[in-house]
Amino acid sequence: MNHIISIHDLDRGQIDRLLFRAGEVTNEYAGKEPLKGKILGLLFFEPSTRTRMSFESAMLRLGGSCMNLGGVEVSSMAKGETLADTIRVVSGYADAIVLRHPKVGAARLASEFSDIPILNGGDGAGQHPSQTLIDLYTIRQSMSLDNINIGLIGDLMYGRTTHSLAYALTHYNARIHTIAPKGLGLPDSIRDNLEERGSSVIEHDSIEEIIGELDVIYVTRLQRERFPDPAKFFDVSSSYRITPSLLSDVKEHLAILHPLPRVDEIDPSVDCLPYARYFEQARNGVPVRMAMLTEVMS
Amino acid sequence: MNHIISIHDLDRGQIDRLLFRAGEVTNEYAGKEPLKGKILGLLFFEPSTRTRMSFESAMLRLGGSCMNLGGVEVSSMAKGETLADTIRVVSGYADAIVLRHPKVGAARLASEFSDIPILNGGDGAGQHPSQTLIDLYTIRQSMSLDNINIGLIGDLMYGRTTHSLAYALTHYNARIHTIAPKGLGLPDSIRDNLEERGSSVIEHDSIEEIIGELDVIYVTRLQRERFPDPAKFFDVSSSYRITPSLLSDVKEHLAILHPLPRVDEIDPSVDCLPYARYFEQARNGVPVRMAMLTEVMS
Amino acid sequence: MNHIISIHDLDRGQIDRLLFRAGEVTNEYAGKEPLKGKILGLLFFEPSTRTRMSFESAMLRLGGSCMNLGGVEVSSMAKGETLADTIRVVSGYADAIVLRHPKVGAARLASEFSDIPILNGGDGAGQHPSQTLIDLYTIRQSMSLDNINIGLIGDLMYGRTTHSLAYALTHYNARIHTIAPKGLGLPDSIRDNLEERGSSVIEHDSIEEIIGELDVIYVTRLQRERFPDPAKFFDVSSSYRITPSLLSDVKEHLAILHPLPRVDEIDPSVDCLPYARYFEQARNGVPVRMAMLTEVMS
């Protein structure tokens, strides 16, 4: 594996190997510096502190160094340089690059001009494979990935993370339950693709009607700006909110995930329940990205 | 000691230990890397280059690494995340955090949600304990901390550093002399607290009347924006200015401190006099912060 | 050599030594960490990602660490501090400083107040010695530096890099050919200085008339903002554009350089020709700056 651009490029074997390695990496490399002398370049054309920080932490934990390759506002792209030229230059400064870019396909394009591995740190509405691997890894900490019932809740129209996760779970024969406000449901093209790959996708009107059957709840943020009427936003968002009372009769191993930051989608009193896995999920960014970095650099 | 939030939390013994360690740390760890493999997270919600840089330099000198945890403008807080959630996430990426925040009490709050040590790098008008330790350390390089006469000059109303320093000096039985423009004197509550703790606080109308008795002069910046009338600012600021002629008859060991940056408060021709300790004070940020970092992380 | 401020300060022997070292440094220090424990401070008062990144990469490749000393917008200079004070403070945090500043002479001034080496990373329309060393190093990879014919193309009025390169080449007896739009030719004072130093400077009306004789073409960006009339800019820039057809009858070892970023000055189809040396030139920033860093710090 040279570049990691999209979760669609990875087969089940490759995903399983990365997840397994993420589970081993912290102990395996304790006190060692497998990437000592290596430089990870962080090329973020839009801000994404969590992605940047956990890649940076992962690289430092492996004994390597990081350098910021600059964002668009201070860079040569502001002077009209193409992404291809930028990549050709900065790939001379580092041993691998994490690229975050607002445009779909940017990471793939970059990989064609780079001598060194490109790790896609999110390209607009496109792919963000490390997030999907983190989601899978977090689920796998609580249960087998095979044959789970997962509920996707919130904005499933624009929520890139839910699309990639659902796609990846087709390798594991998941049943996918969707609960979304009107107009923010899963796009038909994505539903069709999931079903072609053998997953069932079941639409629900409320969380209550399905929550007892779920192994995983994946909550995403509803963005206020999708709702022209603020009152409407308030109504809708409150009915997609995870509260302790909603969780009174759920499976014992239920795992609640959220890509964070959350605003009001999960009541803070849920944080101390055993189902809450979202802070663990955020922290899992480090071992999962350690696994990715060792995969492409060693 | 786990977190370092406020100088008020430290007793005289703890302060003395940190100051002693600051004096030893450079030699003690020369060629060693006591914090190798550790990561210091810098979480600055407002800019403060000096504080950030000297913590960073201190961490690198100890063999550790630093990572920028991002400021508010690029962070998840801009999306409405609470400080508690931010801390819960980023404390998974580092081994200690220096927090700079515009709101009083932020560092204390952060410490309640963090698994790793929080070092307060300044919380608004609140505390900035490393600055106070640097001030004490710089005085201690020239004289014993006990029973000194210190003159606090400039804006004593809003000048956070002078409040904390005066407080800390009550452990050492200081006599505190204040010289401030009308309306910018030491707040009564702070004066009362200092006196309750056994220090005498004496107000003066001019620097000249007391300068011969002082062991330490602590100068702070007068901020133009506190004066509605620019001409008034000019008049006032020039009468609080430290010049060589003012220093013609002072104690031999007099130490002039300033938290920097200075603008016009100290004439540049003072820089080459033996009393000028403010550049040394700035550089003392490194050993003092090395002492703090080893205290909480090793 | 303590500071590196201007290419004018270096004699031919010193330049040759740095270029030689740049050629050796990657192999010589492979697996070693000659600057381990050292900190390079990056003090950039205006953005320059390429310069910053390649100094940072160079420092990391040598086993050292880097720290950002902050730009003007977040720094104490915004509060009215002088450059002298800033340098006196930050030179306590690092072992050498790369300074980028918008004002001519800033690096020289800084060197007078600094206890540690200052490397000029560009001071406005003034000097940028590491860029010139990179240019020389790149030429030297293809041919001897002595007695070359070099064509300087584009904006030679404001193009700092061409002035410094032409100056440095007078050590090597170069013949300098200039091809510039009206009003953007080489300033008379610079031409006179080059001729006094023994170089011939020959002005040409078009690239075509001289291209067959050139060993090196150095292309610079024409800036749209120099042309009040956009149509005029388009006309002029297209006649200073390097295309494959222009290169049909050139010397075999011709090297085309460009400080990058390029916009339209070089047709992308030139990239795959053997003459294109500009991406290599960008990458040469790392070994050349490694040579500079070891020169001043070890």
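Think of it as A, B and C in the order they're written, each chain with its own count starting at 1.
By our rule, a contact is a pair of C-beta atoms (placed from the backbone, for glycine too) under 8 Å apart; a residue touches a chain by one contact, two chains touch by 3 or more.
Bear in mind the structure is a predicted one, so any value in this text is a computation, not a measurement.
Counting every residue number used by either copy at the chain A-chain B contact, under half are found in both chains. Between chain A and chain C the CA-based rotation angle works out to 120°, given as a multiple of 5. Averaging C-alpha coordinates per chain places the centre of chain A 41 Å away from that of chain B.
Within chain A, the positions touching two or more other chains are listed as 65. Residues 31, 47, 49-50, 52-54, 56-57, 60-61, 63, 65-66, 221, 260-263, 279, 282-283, 285-286 of chain B touch chain C in their complex. Against chain B, in their complex, chain C makes its touches with residues 37, 39, 41, 65, 67, 69-70, 74-77, 79-81, 85-86, 88-90, 92-94.
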